[in-house]
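First, the structure itself, so that you have it in front of you.
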Amino acid sequence: MRRSVRISPLPFDPEAEIAAFRQSLENAGGMVSFTGMVRPSGQDGAVSALSLQHYPGMTERGIEEMLDDVASRWSLEAVLVIHRVGEMGPHEPIVLVVTASEHRRAAFEAADLLMDYLKSRALFWKSETGAQGRVWIEPRDEDYADAARWDER
Amino acid sequence: MRRSVRISPLPFDPEAEIAAFRQSLENAGGMVSFTGMVRPSGQDGAVSALSLQHYPGMTERGIEEMLDDVASRWSLEAVLVIHRVGEMGPHEPIVLVVTASEHRRAAFEAADLLMDYLKSRALFWKSETGAQGRVWIEPRDEDYADAARWDER
Amino acid sequence: MAQLLFFGRLGDLAGGIERQMILSQPHAITDIIGLLDAGDRLLGSALAEPRVRYAINGAIVDGDTLVEDEDELAFLPPVSGG
Amino acid sequence: MAQLLFFGRLGDLAGGIERQMILSQPHAITDIIGLLDAGDRLLGSALAEPRVRYAINGAIVDGDTLVEDEDELAFLPPVSGG
């Protein structure tokens, strides 16, 4: 499984990344992408800015371990994970996960698991700045439940 | 739920479609895409060409009914379905499904269901031309099983 | 004149996707398959396979349904999209 | 000199993400939280919350683990990515 992980404060173009990923594929019949964007309205009304912090080195290692898990569960041709950190505004892309496999089920499930992990277990800390000032966000109960779906398998 | 369905013999650029779809979103926090490509090796060895046939009018109505079902199950901001018909070669995109919702689970599940439906229930007939001449393809048992996952819900 | 449509591999057997048939009176789909079978046993038995579905004017129907002279009758073998 | 890192809302309470601490001998993480609590009760009680995890030099450890003077000790509150 070819893999690529990038954590960066620079904006990225999801579709340019997906296009380059697709061009690199040799025998995959299906490609799944998830793009996460800053929602203009957050937990606390209108959001003017979002900030993401990570722990350089440890966050990347955690994602690489998730990818080891993914590689052991499914037969994938390639996986791409891009996660933005730093300050960003409404509608800006935060995260991109792309997976490709011979048949579609593996690509769907791997992208789904990676997003569950990234949302609830990867070392990122998110704050939203709105009318009430800056608020640190914690995963929703739904995020923990989503991630727990993969534990028994 | 905004929806768009297109069946066309013309090639399409998946990432240009995904980009336009993303730009149109107002409050979605997550977008999922599935792109299906012609695999260079099919059921019968190397594939030199693939041909897809549909029943104009009836195929589109069937997909619209799937989208009614999707709209009744999940809260989505928008859905896009593009399906190519006619002749195409290895690596060319055949199908694109894009979904967007406030939280990611709905977008993942809707894209997954739509692909299961498109693979096993939508009115398309596929043939592959390889070393043994033209072979008509039927869904794999896995495709029927995937689609049946949604029946009880 | 009824319009008959043969999709997928049925079109290969029928020698084309479209065929016209004059129906002086309404016929059940199974009767039409019988008429086609009389002309071409290979085509007839392929159309009679249980996995082949029928549609009249774009709506799925069963084999007892009557086809009238202005109808479009489509034979739909198992599908395979995406 | 040990390097202390405070992520997420803990950084707001600590007045910055980084802080140095001279450890003349190894201390358990819980002892270090006690030292910080003596200077700032708000920070100390936030660090002691059960959902806060600890990492030494990038590896998750429990509160009994000893921190040496060259170590990097990170306090990790609940995460929220993507």
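We just call them A, B, C and D in the order they show up, numbering each chain from 1.
Assume contacts are C-beta pairs under 8 Å (C-beta built on N, C-alpha and C of every residue); 3 or more make two chains touch, one makes a residue touch a chain.
In this text the structure is predicted, and so the values were computed from the model without any measurement.
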What is the touch distance from chain C to chain D, in steps?
-> 3
Would you mind checking which chain's C-alpha centre is most distant from the centre of chain B?
-> D
In angstrom, rounded to a whole number, how far apart do the mean CA points of chain A and chain C lie?
-> 50
Could you tell me the distance, in whole angstrom, between the mean C-alpha positions of chain A and chain B?
-> 23
Starting from the mean Cα coordinates of chain A and chain D, work out the distance between those two points in Å.
-> 27
Touching two or more other chains - residue numbers and ranges from chain A | 36, 115, 119
Using the touch rule from the top of the page, what pairs of chains touch, sorted by label?
-> A-B, A-D, B-C
Using the touch rule from the top, collect the residues of chain C that touch chain B in their complex.
-> 5, 7-9, 11-12, 17, 55, 58, 74, 76-82
In their shared complex, at which residues does chain B touch chain C?
-> 36, 52-53, 55, 57-58, 61, 83, 94-95, 115, 118-127, 134, 136-139
Chain B-touching residues of chain A, taken from the complex the two chains share | 14-16, 18-19, 22, 25-41, 91, 102-105, 107-108, 111-112, 115, 119, 142, 146
